[in-house]
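Next up, some structures in structure tokens.
Presented sequentially are two complexes of chain A, the first with chain B as partner and the second with chain C.
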Partner chain A sequence: MDLQIILLLGQDGITNGAIYALLALALVLVFAVTRVIFIPQGEFVAFGALTLAALQAGKIPGTVWLLLVAGITVALLDGINLLRERRFSRLPPLLLANIGFPLACAGILWLVPPGGLPLWAQVVLAMVLVVPLGPMLYRIAFQPLASAPVLVLLIVSVAVHMAMMGLGLLFFGAEGSRTPSFTELSFEIAGAPLQGQTILVVLASAILIAGLYFFFERTLYGKALRATAMNRTGARLMGISASMAGKLSFTLAAAVGVFSGILIAPITTIYYDSGFLIGLKGFVGAIIGGLASYPVAALGALLVGLLESYSSFWASAFKEVIVFTLIIPVLLWRSLTSKHVEEEEE
Partner chain B sequence: MKRHLPLLLLIALVVGGPWFLSDFGVTLANYIGLYAIVALGLVLLTGIGGLTSFGQAAFVGLGGYATTYLATVHGWSPWFNLLVALALTGAVAYAIGFITLRMGGHFLPLATIAWGISLYYLFGNLDMLGGNTGMTGVPAVTLFGWELKAERHFYYLIWLVLLLAIVGVRNLLDSRSGRAIRALKGGVVMAEACGVNTAQAKIVIFLIAALLAAVSGWLYAHLQRFVNPTPFSLTQGIEFLFMAVIGGIGHVWGAVIGAALVTITKQWLQDWLPQLLGQSGNFEIIVFGIVMVLVLQRARQGLWPVLLRLAPGGREHRRTLPAAEPLPRRTLPEAGSLLLEAREVTKRFGGLAANQKMSLTVSAGEIMALIGPNGAGKSTMFNCISGISPASEGEIAFLGERIEQTSSREIASRGMSRTFQHVRLLPQMSVLENVAIGAHMRGKSGTLAAALRLDRNEEARLLAEAARQIERVGLGEHMFDPAGSLALGKQRIVEIARVLASDPCLILLDEPAAGLRYLEKQALAELLRKLRAEGMGILLVEHDMDFVMGLADRVVVMEFGEKLAEGLPEEVQQNPMVLEAYLGGVE
Partner chain C sequence: MLRKISLAVLAAFSTAVLADINVGVSVSATGPAASLGIPEKNTFALLPQTIGGEKVNYIILDDATDPTAAAKNVKKLVTEHKVDVIIGSTTTPNSLAMIDTAFDSKTPMISMAGNAAVVEPMDAKRAWVFKTAQNDAHMATAILQHMVDNGVKTVAFIGFADAYGEGWFKEFAKIAELRKLQVVASERYQRNDTSVTGQILKILSAKPDAVLIAGAGTPAVLPQKTLKEKGYKGKIYQTHGVANNDFLRVGGKDVEGAMLPVGPLMVAAQLPADNPVKKSALEYVTKYEAAYGKGSVSSFGGHAWDAGVLLSATIPQALKKGKPGTVEFRTALRDALENVKNLPAAHGIFNISPQDHQGFDQRARVMVTIENGTWKLIK
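Right after this comes the complex of A and B.
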């Protein structure tokens, strides 16, 4: 192993690590706000990448049907409540957001052949098609269980992951896709090539992380989410709706997931079930941060990326074994250092 | 009778099964049995213990691969391999459990996801285990010289194992260890204060679940006669949990119903969905995922309780307790000897000092009352003394030994027992069982003895003791009612019975008279006087001044975390500072 390989592997590791860091941040966010361990995060990665790939291939991605069905379900669930409570004025915005918007998306796809669009428009379209599934998912699967124990929420989360993975297979088939690079730029550092795509991923992740930081520190909604994460009841008493906070955190997580998928799609071939493993690696990072600390989670995720990359060089068959076994010493360390106070549930 | 009806029904089905089932039916039944064994472990772990694992399939894999490797490479007997498989799985599960069970509830399932994946990849990449193609040539199991080659014959072995496992788990749940396990979900603090080692109980159920999974894997390997990694994937592990949740995660029969339902539905969906969708693939996971979400939203208890409600006949509550020898009692310290001495105890929560240099003593045969306005720090003081939330500074001595850093479990075992201001009972369990948890420390028999019903003598003595204390506090008519169905005042009395069942020498009662009617209060005062006469020390927090002043030998008054006054009831009642604290100053 010479310097060139070390640099090359390090580059790989940092690229993947940056993606895992993004996902880890979203996972910490969702857990802090809603207590949901967001296993389906990985499906948003896969849906994002594969939707973009489908758009580039000029096909209508199956996610648009999911968007329609999920939108109609949300409209029905909330609409019936509104009708019962005779709050008719709330109906038009509900229908517009949950039925009108998906219909508009489907209409655009039908009218404009997506294959001919410029890359940025395809990226935007992929985001627009998949990200709204986040809050809809929250409304359908998690909102009715908002006060359930973490364990129940986790089982629901896993169930949603299974369903979405099956839908991924249905929409995109068993073959994987890889999208063309966003940039063909390439540099050379110490004899090792540095891909422009790598720089793009790291930069985009850094910008997104900075953006999230700004959102949480400077905006009212960001502060509302932080308040909910710290004290759910207190936040509610201050007029912050728990379901708003839930939907918002799911929107952010979905956006981070889809964006990560789009970033990673030119680097690795994504299959309908690839997202799960990618998301879980973000999880290992998040667990290193104890599902609570954002900076430690991001660092942990970076570490996972590097570990994965170097272990793929030495023992490529055991790459996954090594990465996921890492969690055991991490948990041991956490369990020995943290003073756990028993919380009582149910 | 109704309790045993499902068991008899199942035995009949098992014996008769191969007579009327087709070949395909037998195959399906075999898989249902294998899955139900794993799901049964999850019922114990998740439904009853409140922990969970998505990685049970990996334990199944450990069992399956262990016997396959040993039988094909070393030619060892399957029965010996079973022992090795159990030992291996037990060791792995113990290590994992030791690491993760100490942490918050969600770390265990997350760890099981991670290690479920890593074991799956390990099976698929180790050349000595045949990689992704797996290993063939697993020998058939021989039972009393009868080779179980045909699926129709293997069926008996699978279902016999399942039946034994069900009987064992049911026996376990109805025992001393079983009550400890049932207290894990929502009663950890209470159980520890009753001397239950909850960390150990968690490890035990995690081990049982893992061992059941390993047995299923062993059976699987000898049924299929080959193994490959696919059936031990995380997806399968998740499916096991689905089975248990859909069937009814809180009931042993839920495992069987769930396994049957999911296996049959899956078979049907696998035929039907690809035709409908015009593609091949595991689309049944979409349906399972959605059904699972609906079940958890609409009927979190699963299918079995629904079936129970449809079945005729009400629930049987009453049973007669067998006569039993009374349990041995500890010798109480001589009346007047010092039991408890707290010196300058300070408890801080961040910057707030809830207790500031509090001192008090309690002697045997004395009722000491701790009074003060709401928020004065009385319950905090109780928590410091009983080890639930250790003091930040100061000394506490119980029976002459320092206990300020001792766990609540250890303190309980030395003879201090307490009730809680916010009642901590297990609402689904009967009053008798709740009180029997109090007697936990007075029994010894363990998990295995309970599963094999070798604990009946001791169990009868424990239950008889619990019943005696329930009669003593005057709740005999409610003995078999679910504790949650009693009025709050009576629930407090159940806690007192639980305290007495532990045979203590010092009892801490946190507002025992709250919510009681006049006559009930008089009966309670009478009981406390009797206990005092027996030589017990009693530390009492109470707001009802008539009750306190008529009963207590000495009184300590607290305000803002500090001691305001101490003395005989009459003295304290005259103390101007106490009057001001209670009634407000006169300007």
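Right after this comes the complex of A and C.
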């Protein structure tokens, strides 16, 4: 094992670690705000990557139909409530956002052949198609259970994951896809080749993390989310809507997931079920941060990436074992150092 | 009275069903082996609807690449649907999980899985089990022969960290030792891995003349892409598990030059006219592509087709010994399957014997390379 190999492995680990870090942050965010352990996080990675791949192949991705169906479901759920409460003025914006918008997306895809669009437009289109699924998912699956115990939310989360994975197989087929590189640049550092794509992943992740930090520190919505995370009841008394906070956190999580998917799609082949494992590694990172601390979660995820990379060199057959066994000492250490607080029953 | 009538109706109804031949199918149309299971499932729509003048019903169940589900499926097929023969499953672990029920109910079973463990070592249970896919050993010898012929002395192995990769490594290492080839590195990866840099760096530091990648479908692209990216110049071999067009689509220029053994149907049109498999292989390719579009054929669907070929050849003989739905018919079908001789199919020529329930020989494989995004026969 010479310096070059150490460098290459480190580079590989940091690239994957950056993606895991993004997902870990999204998991911490969703858990802090809604107490949902967001297992479908990984599905957004796969959906984002595969939607982009489908667009590039000039096909209409199946996520459009999912968006339409989810939108109509949300419109029905909320619409009936509004009708019952006779708040008719709120109906048009609701219909516009949940039915008009997906229809507009489908219309654009119908009119403009997606294969011919420039890459950035395809990326934007993929984001626009998949990200709204986040808040819709929250409205359909989690909002009715918002005050349920963590365990119930976890079970629902698993169910959503299974459903989305099945839909993924239906939409994208069993075989994977890879998208072309964003950049063909390549450098050499200390004799080790460094791909431009790798730098792009690390840079984009860093920018996104900085953006999230800014969002939470400087904007009203970010502060509202933080307040909800700290004390749900208190936040509600201050006029922060719990369902707004939930939807917003799911939107952010979906956006982060889709963005990560688009970032890694050129590096590796993504399958309809790839997301789960990627998300799970982000989850290990989030656990290291106790599902509460953002910086520790990000560092933990980076550690997972590096550990994965070096263990794939030393003992490739046991790589996953090593990565997931990491959780045991972390949990031990956490349970020894932190005081266990019973979850308050509502 | 009502009960009597309903019983009578039921009895009349069930005899009507029993007159047909029921073929129970369990395939892995979802889950990790879905890319193999889907073309197999598609193929059953193309199989003959009547054999020997009797109507054939195909009851197709999905086992989601889960051995437990496969075992459940086969129980359901045998007890509820009273099938005369079982076809399935796609993968080795799933097929192994089905053997016990096939034996207990005295129902012949035709597996489409690769590993020889499904039909070897021959025992009382496996006497009821047949297999249409080439044994991994068939394919491994073809690769090793090609390596030896081309002066390869050292070889590195990277395969799936599951039954497929392990099965290949065992076969490959065994034959490599016999042929005096040195295996200098043996690495594993997961089909969902986003990076194999670590494994590839380790392989590169061993400086092998050739690398064998034992993966199925598109996940086998990643090691080859990484090898090229890191500047590997030696020969790269793949296994027949990658022989579908998605592999070419995802691999693109990264998989150019890879060499692999496949069933002859993948290059049926390129086979010389005197090849005995050419006609039967082309028949399947034409039918499949007519139904599912040009270029859609994959070698996996061929295994399902070959199960149909076996049934078409043996059911008429079994019909002479007993009626479908009876144990006599099933036993006769098993005996007939065991005595299939010189039967051309999509993947080779079946010569089944009591010791060998697979029945293919070296005519069931050819070496191909990937050139300009298509499979090209190595002459």
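Methods note: the second predicted complex is superposed on the first by the 342 of 346 C-alpha atoms of A that agree within 3 Å, B and C clash if a C-alpha of one lies under 4 Å from a C-alpha of the other, contacts with A are read in each partner's own complex, and residues count from 1 in each chain.
Definition applied: a contact is a pair of C-beta atoms (placed from the backbone, for glycine too) under 8 Å apart; a residue touches a chain by one contact, two chains touch by 3 or more.
A quick note: this is a predicted structure, and the numbers were derived from the prediction, not measured.
By the touch criterion defined above, A:I267 lies against chain C but remains apart from chain B after alignment on the C-alpha atoms of chain A. By the touch criterion defined above, A:E175 lies against chain C but remains apart from chain B after alignment on the C-alpha atoms of chain A. For chain A, the partner that touches more of its residues is B, with chain B and chain C as the two candidates.
In the superposed pair of complexes, A:A317 makes contact with chain B and with chain C alike.
In the superposed pair of complexes, A:I37 makes contact with chain B only, with no contact to chain C.
By the document's definition of touching, neither partner reaches A:E188: not chain B, not chain C. Of the two partner chains placed by superposition, only chain C is touched by A:N16; chain B is not.
Of the two partner chains placed by superposition, only chain B is touched by A:I328; chain C is not.
Within the superposed three-chain model, A:M162 lies in touch with chain B and out of touch with chain C [touch as defined at top]. By the document's definition of touching, both partners, chain B and chain C, reach A:L277.
Put simply, chain A uses residues 166, 169, 173-174, 277, 317, 320 to touch chain B in one complex and chain C in the other. On chain C, the positions that touch chain A within their shared complex are 30, 32, 34-35, 37-38, 158, 161, 187-199, 201-202, 205, 217-219, 221-222, 229-230, 244, 246, 249-250, 252.
Residues 46, 50-52, 54, 96, 99-100, 102-107, 109-111, 113-115, 117-118, 121-122, 125, 185-189, 235, 238, 241-242, 245, 277, 279, 281-286, 288-290, 292-293, 296-297, 300 of chain B are the ones touching chain A in the complex. Chain A meets chain C in the complex at residues 5, 8-9, 12, 15-16, 19, 166, 169, 173-178, 193, 195, 264, 267-269, 271, 273-274, 276-278, 308-314, 316-317, 319-320. By the touch rule above, chain A contacts chain B in their complex via residues 37, 140-141, 144-145, 148-152, 154-156, 158-167, 169-170, 173-174, 277, 280, 283-284, 287, 291, 317-318, 320-325, 327-328, 331-332, 334-335, 338, 340, 342-346.
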